[in-house]
Amino acid sequence: MLEKKRMFITGNEAVAWAAIAAKADALFGYPITPQTEVMQYWTKYAPKYNKLFLQTEDELSAGYYTLGAVMTGKRAFTSTSGPGNVLMQEPMSMAEMMRIPIVFVIQQRGGPSTATVIYGQQETTLTAFGGNGEGFRVVYSTASHQELFDYTIKSFNTAWKYRFPTYVLGDGYQGKMRESLMVYDPEEEGIEFVAPYSLAGRARTDGFKHYRNTYNTEEELYDILQAHIKDYDAMTPKVVEWDTRWCEDADTVVISHGIVSRSCLAACTLFQSEGQKVGYFRPITIRPFPVKEIREAVQKAKQVILFESAQGQLYKMLTEALYGLSVPIKSILRPGLGITTEEVYRETSNLLSRKG
Amino acid sequence: MQDVKVGEFFQPAFPSSWLETTKPHNFCPGCGHGIVLKCLGQAIDELNIADKVVYGCDIGCCLLSWNFFNTDCIQTHHGRTTPFIAGAKRATPEIVGIAYMGDGGGYAIGSQHLVNAAIRNEKITIILVNNANYAMTGGQMAPTTLPGQITETSPYGKEIEHSGPPILGPEMVAAISQEGAYVARGTMSNVKQLTKFIRKGLENQIAGRGLSFIEALSSCPTNWRTNAEQTWKFVEKDMASYFKVGEIKVPGTKEANNANHT
Amino acid sequence: MQTILKILLAGEGGQGIQSIAEILAEAANSEGKEALYIPNFGVEQRGGISMAYLQITESGNKIGAPKFELADILIALSPRAIARTSHHAGKDTIYIYDNSLIQASQVNDQIIGIQYFESTPPCPTDQEEVKIGEEDVGDNRSCAYYHETEVSEKKLPRNVKHIISIPANDIAKNELSSRVFNIMILGAVIAATKILPLASIENALEEKLGDKFKKNPKLRELNKQALARGYELLERLLKGEQHG
């Protein structure tokens, strides 16, 4: 369907193309900066590609319209940011409990409240654990337009295969900047599509089904959750993703996620070229978190340096994952602020020289 | 209606679209839900659409209907049944989307969704059960609570200056809805009429004309703390004098603008 | 890091900064280079200053963060832009500023919550006139009508590699049209960086403005002239005189 070619577009447009490539049927959304262009591009292409779109009255509605569409067996998704993400935690919770295969694209902005419309990594906790539950979600934290494209497609397949709400976690920088990427038809690249199927509605042939998210007793709830937990744990090794370099013989390991990982990778690459051994680790799925892999990566390290554009959201996930290890962790926390390559290099250099 | 025989005794007949194994149901004795759902079940039977129905129920006592029918049923969140069913219908127009909710799900937390569904003329059928309180959570005040009515959050009687008058939901929907919408208010005390209204609401959806909205006056003796006689009086006299029963908007007729309804 | 060219463009909202940044980025991409362009959007944009971060490198290289600290080429086209971007100029920066008399935007950049850029609405608040010499260029607390104002030499950054001033706005107004002021700047950037052939910019312009050119072919000519003029202007300055 999609001709393979290089495009030079904004991240939000890349998301729209990816959804088209993934054969998504419907997008319901509400405007909020910095992700509004996702729906603007989608609705522009909708007639040509025969896609469904509705701008709803708010994010609650967008989330629920999407759930209803998914329920009848359509690949449907929605996207939001900031306060909209907060509102959408309600439909997200319903999806977690009822195992509805819905896809969300989040372009983070500053927080809390309306803060800025620009950028942040302050919705990391919210996107991974924001509902009134246990975070039965898959969250991909992207760092480039190629990844926005690749992982949006992957999200639909992950969602329909494992039936957990699945997320692409980007940010305002990614949404608004322009860089190149290759768009392609996934099937022509050997990516297998997981077919959606109807959970409710006349397309089903196996009799009627009743779905609920309310239970009468604690014990009943506990049993239901155990089943979800079992599925989640079984899925984890198949879905978890990370990127690790130069950690085998490094005294210092730099950890980050999302777009900050680009600055870290560039800085670490420079260190390598200067003969300084600095390792690099980036969780790609922040949920489920690559616990095993990150513990392995820091095994030989004498210090860990963490960079994030939040006040400890990734840090909390990291310390939980590294529990029991005694490696000191220094965190460079910049809530709502971009972190340049120069800053990573400078901060890491200072800490390297202290370690001697 | 199917005849159900248990041993050598016939049970009261109930709709084929009702799921036998979840009966008797869990509503309180004297609750109007059982009657409203029977009207709905009968309408579904008459139109023979059980296999197409996607039924959504809101939070409140209406959630107890989640396993009521021989159809696909999904219990949603409070106030969100309208957008959920509207989304299902938009994505898969072949279904018959029914959204079942109470006064809170439609007129309070769900009101923005109801308003926008009416404006967009979503082709779904909304059935809103009005029992003048929030029953499941213990009988708090609702948007439809009558002036002077005592509830958990209006222990001295609801005061209009403080909390506003009872909302006239169907009138509001009729005022803002589009050509092709069907709006009516029925009551559990007139089963034939309520069944007719619900059936017309479903037919309206199937014909693709627009939104169908039926409010049903209903009873809640548990939270009203009324006996049988008092309960019927409250529904038939007190509520009905405030909430006028009848069709308010019918597509293609002159009744399009909340004029005479009896 | 050294193999990535970092260009920072800054000016008043409405001067066309984002347009030229986009054209540059598209041209670089079409030439097979790796480019990354991000506008600075948010409170500073609406009639406040407009900034564009642009990075260009050879294909196959990876660009790190979308923003950077120190620019290789920094172009500041208004007194406010100069003040706002001074921390982005370092010892290796080629610093180009416009020393024409320009009328700064009339919008208070302390207006919060604005989310788009490149348009200049009238100031909704204070209409008080500010006397020449009393303007506080770098620290706007109230909306003010700016009179045509000069760049104060005191506010230029020290310790950069080159400082070049060009009266682009004047030249555009007098010789061509103030509408193509930003295209002149584009030409100047090409001359300063030599990273792309002029032809690639002409193609990019055609891509972006082709429809407008079709309706009015004179525009194409005008843009071409502006491009060449800006290019030639900066070439001359780089070679000999430092001030235009």
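A, B and C are the chain letters, set down in written order, and residue numbers restart from 1 in every chain.
Note that a contact is a pair of C-beta atoms (placed from the backbone, for glycine too) under 8 Å apart; a residue touches a chain by one contact, two chains touch by 3 or more.
Since the model is a prediction, treat every value here as computed from it, not as a measurement.
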Chains touching both chain A and chain C: none
Most distant chain from chain A by Cα centroid: B
Mean-CA-position distance for chain C and chain A (Å): 35
Where chain A and chain B are represented by their mean Cα positions, the distance between them in whole Å: 40
Between chain B and chain C, centroid-to-centroid distance (C-alpha), Å: 62
Overlap residues in chain C, where contacts from two or more other chains coincide: none
In chain A, residues with contacts to at least two other chains: none
Contact set on chain A toward chain B in their complex: 25-26, 28, 52, 54, 56-58, 60-61, 64-69, 71-74, 76, 90-91, 93-94, 98, 198, 200-204, 208-214
Chain A-facing residues of chain C, complex: 1, 22, 25-26, 29, 34-39, 41-43, 62-70, 113, 115
Chain A-facing residues of chain B, complex: 50-52, 54, 56, 59, 63, 66-67, 69-77, 80, 83-92, 94-95, 112-113, 115-116, 120
Residues of chain A touching chain C in the complex: 6, 8, 33-34, 114, 116-118, 173, 176-180, 259-260, 262-263, 265-267, 269-270, 338-343, 345
